[in-house]
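Following this message is one structure expressed as structure tokens.
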Amino acid sequence: MGESEEKNQRWRSLRIVLPDAMASESGGVAYLFLHRPSRSNALNPDIFQELPLAIAALDSNPNVRVIVLQGSGKHFCAGIDLGTLANADHVSNAIGRHKEQFARSVKQMQAAFTAFEECRKPVIAAIHGACLGAGVDMITACDLRYCTKEALFSVKEVDLAITADLGTLQRLPGIVGYGHAIDLALTGRTFNGSEAKTIGLVQEVFASKQELDDKVGILAHEMATKSPLSVMGIKSVLLKSRDLTVAQGLDYVRTWSTAFLHSEDLEEVVKARAEKRKPVFSKL
Amino acid sequence: MGESEEKNQRWRSLRIVLPDAMASESGGVAYLFLHRPSRSNALNPDIFQELPLAIAALDSNPNVRVIVLQGSGKHFCAGIDLGTLANADHVSNAIGRHKEQFARSVKQMQAAFTAFEECRKPVIAAIHGACLGAGVDMITACDLRYCTKEALFSVKEVDLAITADLGTLQRLPGIVGYGHAIDLALTGRTFNGSEAKTIGLVQEVFASKQELDDKVGILAHEMATKSPLSVMGIKSVLLKSRDLTVAQGLDYVRTWSTAFLHSEDLEEVVKARAEKRKPVFSKL
Amino acid sequence: MGESEEKNQRWRSLRIVLPDAMASESGGVAYLFLHRPSRSNALNPDIFQELPLAIAALDSNPNVRVIVLQGSGKHFCAGIDLGTLANADHVSNAIGRHKEQFARSVKQMQAAFTAFEECRKPVIAAIHGACLGAGVDMITACDLRYCTKEALFSVKEVDLAITADLGTLQRLPGIVGYGHAIDLALTGRTFNGSEAKTIGLVQEVFASKQELDDKVGILAHEMATKSPLSVMGIKSVLLKSRDLTVAQGLDYVRTWSTAFLHSEDLEEVVKARAEKRKPVFSKL
Amino acid sequence: MGESEEKNQRWRSLRIVLPDAMASESGGVAYLFLHRPSRSNALNPDIFQELPLAIAALDSNPNVRVIVLQGSGKHFCAGIDLGTLANADHVSNAIGRHKEQFARSVKQMQAAFTAFEECRKPVIAAIHGACLGAGVDMITACDLRYCTKEALFSVKEVDLAITADLGTLQRLPGIVGYGHAIDLALTGRTFNGSEAKTIGLVQEVFASKQELDDKVGILAHEMATKSPLSVMGIKSVLLKSRDLTVAQGLDYVRTWSTAFLHSEDLEEVVKARAEKRKPVFSKL
Amino acid sequence: MGESEEKNQRWRSLRIVLPDAMASESGGVAYLFLHRPSRSNALNPDIFQELPLAIAALDSNPNVRVIVLQGSGKHFCAGIDLGTLANADHVSNAIGRHKEQFARSVKQMQAAFTAFEECRKPVIAAIHGACLGAGVDMITACDLRYCTKEALFSVKEVDLAITADLGTLQRLPGIVGYGHAIDLALTGRTFNGSEAKTIGLVQEVFASKQELDDKVGILAHEMATKSPLSVMGIKSVLLKSRDLTVAQGLDYVRTWSTAFLHSEDLEEVVKARAEKRKPVFSKL
Amino acid sequence: MGESEEKNQRWRSLRIVLPDAMASESGGVAYLFLHRPSRSNALNPDIFQELPLAIAALDSNPNVRVIVLQGSGKHFCAGIDLGTLANADHVSNAIGRHKEQFARSVKQMQAAFTAFEECRKPVIAAIHGACLGAGVDMITACDLRYCTKEALFSVKEVDLAITADLGTLQRLPGIVGYGHAIDLALTGRTFNGSEAKTIGLVQEVFASKQELDDKVGILAHEMATKSPLSVMGIKSVLLKSRDLTVAQGLDYVRTWSTAFLHSEDLEEVVKARAEKRKPVFSKL
């Protein structure tokens, strides 16, 4: 395989496959699995606690250049675990301090998904099976999304009589437009991979899980051969510019280029072109 | 029908069909008609004055859960009435106080459409025939849009030598993207329901007015069975987040959930699940 | 032709064809060519210096109502010229004052593209052949985009190990959504005119360069018959509203209409309608 | 007096003294009194309901050019009435729909104060005695503030174990800076008119209620002689610009001037200067 | 003392004195000392690493209600340690990856100060002696500032030929206005406690270190008797509203109140008022 | 003097005294005079045209490090010239194209003042005599303001029945707070140098014109000895951060520092400290 599995005893509900630092062909791609297959990878407190730690570990691991997010088993993610919802029920007549505890726990869950955006390295979600509720919140915080034709999506919070509060209502409109976003959020209707592609939620849809894995793997390895500085810069500037006026975004990227345009990676590009070979970039 | 018509003598240029409070099958869906069929529902001062009152009445009517906006007769809306335009001509060499009166009248017209966004309940526009000029401003302020295949749209203000000032230039880009928005606004070209669907202006396009009415009716009744608190929350948070950074939007929705997540509707969902039945939610 | 070529000795790397002020059929359409065909119109310091001057000249020329941007020769634009990149290499161990010079030169280049937005008149990009790197930054600052089926696009900065800093990361997401924008920017992959149409980057795709030129010419001449005040207002309000909340955008357009709705162009529309003829608008 | 008292039977908890339309010396100044002197003008549901109606009436009354807001009796305003607070207590274990009712009632109360900002005419608060809690929220929404030396202020919500939610936390920092704002809000400490002047909360402090009334009257009458269009424009542009970038604010005011600079009031100024007399402006 | 010192072996460059959980008179006030007295509490990597940990510990410690930040020894803080500056010098001809490391270290330092804002509990800076450079960045992130008459402040980065990058340029203008902020930042001039009070940088200035400690202690203990929920809400809403329009801020605080207004603390206030005693609030 | 006067035949309504490039004691301070003393330096079209050219020339002149803005003769600036106002009168019944010309001329005038902010080098306004109307717009765009005790200020547009449209309403509130800003703008009242100091409009007030010139000269020369890179960075980051959230401002300054912190100026500071001498910085 050229890839070595991380000591996964560290994680209760995730599984991580790291690239083999020695084998060049493993290409710097790390696989991060939601790993509660018997529960369709429903998101429980463990996952919300472990996700930011895992992402931070991958971000600071110099062997990792690209992260692929997947679900173990038959589904990508069934949304919030029922147990977590039950907890919410416990605070039924909560006021004051209990409300404040609730708000803090939502903040922690939001931060777990925002961690994908704060990670310097690109995160590719490869979705098969169900991707429901908080699963949609999660993938909107990833950089790229690919899925199988039969993948099933639903912004299903409306059917739990609650409001999606982990990012879908903030990030989905920028991806699919406001018309599709409110349609999906108000109806909670299920839609498949083909519609996800049509509305722009995913970049590409594949006929099978196998093809999804193969193609995403190729894409991820290709991306891992690119300049890590450039990839980091593009991701960061694009996300920062989202919340700036165009003029402010131009100021920001100009300052970014002033700091980073000249780099060892640009030198490598120039040298490689002169030598008519592919450039090879060192780790970040 | 299961539906009772409101005492429509109250309205000069609108018609409202309220759900029958007694008949459960009327499902809480109110129909709001632009009702000047002989003028293709062109928007006159009456409509601009009555619209916010009608919307407020529907918003505060506990029997109403979803509003369907339609046009009486052969068209949805032919845009601003020529008479209103003629008035604008009267102020031809207006300065100062007359300008100020003009600005106030535009403010009132803008507010008439913004009322759709401020209404807590979802508003579905069902469009057939022509939807021109200010008609487009109006539907961009609705939550969902459906139309017939032959529906005709045009951001036609450019051909009146004026600038759309009732919301199209602010809301359309978020729905169809900036490329389509400026194309439609600069050319004023007419496009049909199929193109409206392709660019994302409407959610779905139907073969006939009958099918449009049937399918929108089904969809509206389905939406009316959902938790009114959740529906209100999704609409409100999505619209507020449109004008916030993602980080600010996450703060906002977290506070919203802290206030509203635990509710009698969530309790009903939990109970209904235990009892393996559909939840039934009380009025807002 | 009905069109007269500007004394193009003024420009080193651009070519401008002005409408013939006398011949009504030339319709107020100016053609602005990137004119370094032997270098595939790669952007060199000359172009960046001349572009804002050329745009300003066209903006203030009353005979010009619409600007069509094209590339001379076989391609639209190959991106930044290698020589310019080489210069960046010269500043390899630059600090302080050299960094500041670099930042100022990027600022000037950014301003050259922003000039398309600040021009009161609409700018239509007609793209054939390659449109790479900074070429994409450039067209995202234009108002409308059309291309040939075989046109090739690439946000290729990632393959130079740099970050696009001339507007793509700020303007592309509003046109094609965040999903497509980050996909194109991170992969640097080449895509053709058909995909450009599918994702909304261009308004229309044509089978050949000839058809592109014909159809864009027709469209531009049609647009040039519209009210210059209205066209200017629509462009300006749409761009300003992009960076405002919806409520602020409504305030802005209301004030705009108060200043400009009543105009000689509106009077002409009213008169032409009474006389059942096409309105004819005077120059801006 | 030259002033006629409005038929105040209309109002339960306010009192309005309108300028005498006939007597030129009454100068267009309307006095709006919080009028529950036996309760120190504590804000009850009546006041929150009547305030926006009263302000709208004064706004649309052409005889009124300036509004002076005062408290009847010994104090300006003691804050929210205890009864209203008791109501809040009733909703102690409220969830869902009751929460939503609460939110709507806060929205109505916020709107009652925001009405001061939306009024086209300047509002001057003349404060004596106590100005506590929601009284501070109220005056921060006024345009100008004057008080007596012995006036007592307190952002006292912290001592009710709640959070000021009617505007103080949004508007006070812009008036006194963030350091003073958080100090006053976190400590709830009482401060007098002299400190209010030092930190910039009031424009001027006077030795007695009599002097306050006299000087504010003079100032209000003076302001009422100025161009109503100019006064409206200054207030409106300043408030709109508060929430815009400087560049956006310059765009906005430029469009405003294009609409309004030339006016009958400017013509009157030019004429009056030629005739060496004070200009006299007609009603708005 | 009624206060117990935390096992301070945990910290290398800070010292923390926690309130005695048993002794009610210790009032929930924690003292956080910058503790490198021999280096005038110059900020070294240790402090930047320990500060956010210390603040998080105090934030989650239920015995702590208010935090007082002080400097051990003769000064509050001499700014960035020379050693840290020397490190910056090491990266003199750094490009690319070294630049990126530098950016990350600045991000960590910025986060160390932003932690004061993210702490739910109020932070009071009590300043004596010198408060220079990054020391000013630090105190602008605190909620309240008090100092001695002889305290010396300087935004001295200009004299190191660098730009303050830890928050002064972002937070100071909101506290003292843009005029004072740019004056202090461009001149780097030293100013004393009295001027700090005049321009609003500190709330109060005291004659001696002893008086400073006494008065800040009294104030902190007084603040610690207030409702922790209310104090947290005021701090949070004020800071969030800083970056929102007024309308957005009103939305936010309304939702906050809907979630939190009714609380056990409000109930305690009502009960205490009925029983004519001071309310006593439980821990957060 | 050590200063040489620029060939001032170039300017019709300005006068510029450049520092003597040879004489080190002239310290890089350029003096820019509004130079229509017989008209109290009233702003005419010439000045608005020349100002941005003059500022650009000073900005790009490496001998200039600091700019002092003054008025020739007895006053700083009497505001817009009556002739310019008369022109506005000419467009009395202007519509459409004439309105558009007006808007462009206001845009040019706004840009003339914004040029002070866009200049990389600090601009100090030294004000004596009258500073009225557009004079106030102008100084709010400068970085630092000093004046004589007898200087007289007035935001006097209200007395011309117009609205200040050159920046006062956008920039003044950030300097003096919203209370003072609206007071000054609505009343148009005259205030002297002492009050200007009290409210924070000027940094310092001096007893005489002579003292003003002396002290501002000393301050400017002192500022000219500081690192030009640092001074430019502080000015730029402060102005950019004004329109960003605090989090965005921290992102921006971090990227700025990454680009610019390490510089030849920082190296010079380190060397000078080692050599126990004042650092000397090269030109920008």
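Chains: A, B, C, D, E and F, in written order; residue numbering restarts at 1 for each.
Simple rule for what comes next: a contact is a pair of C-beta atoms (placed from the backbone, for glycine too) under 8 Å apart; a residue touches a chain by one contact, two chains touch by 3 or more.
The model shown is predicted, which means the values in this text are computed figures rather than measured ones.
Visitor: Which is the least count of steps on a path of touching chains running from chain E to chain F?
Guide: When the steps are counted carefully, the minimum from chain E to chain F is 1.
Visitor: Using the contact definition given at the top, which chains are in touch with both chain B and chain F?
Guide: Touching chain B as well as chain F, we find A, C, D, E.
Visitor: Considering A-F alongside B-D, which chain pair is linked by more C-beta pairs in contact?
Guide: Counting C-beta pairs in contact for B-D and A-F gives the edge to B-D.
Visitor: From the options B-E, B-D or A-B, choose the one that repeats interface E-F, i.e. more than half of its residue-numbered contact pairs are shared.
Guide: A-B
Visitor: Roughly how many whole angstrom separate the Cα centroids of chain A and chain E?
Guide: 35
Visitor: Give the residues of chain E that touch two or more other chains, as numbers and ranges in rising order.
Guide: Residues 92, 95, 99-100, 103, 171, 176-177, 229, 242-245, 247-248, 255-256, 258-260, 262-263, 265 of chain E each touch two or more of the other chains.
Visitor: Which residues of chain A touch chain C in their complex?
Guide: 122, 143-145, 171, 174-177, 200-203, 219, 222-223, 226-227, 229-231, 233-235, 237-238, 241-242, 244-247, 249-250, 253-258, 260-263, 265-270, 279, 281
Visitor: Spell out the residues on chain C that touch chain F in their complex, using ranges where they run on.
Guide: These residues of chain C touch chain F: 95-97, 99-100, 103, 229, 232, 259-260, 262-265, 282, 284.
Visitor: Touching chain A in the complex: which residues of chain F?
Guide: 240, 243-245, 248, 251-252, 255-256, 258-260
Visitor: If you look only at chain D, which of its residues touch chain E in the complex?
Guide: 85, 88-89, 91-92, 94, 99, 102-103, 106-107, 110, 114, 157-165, 167, 169-171, 173, 176-183, 185-188, 199, 242-243
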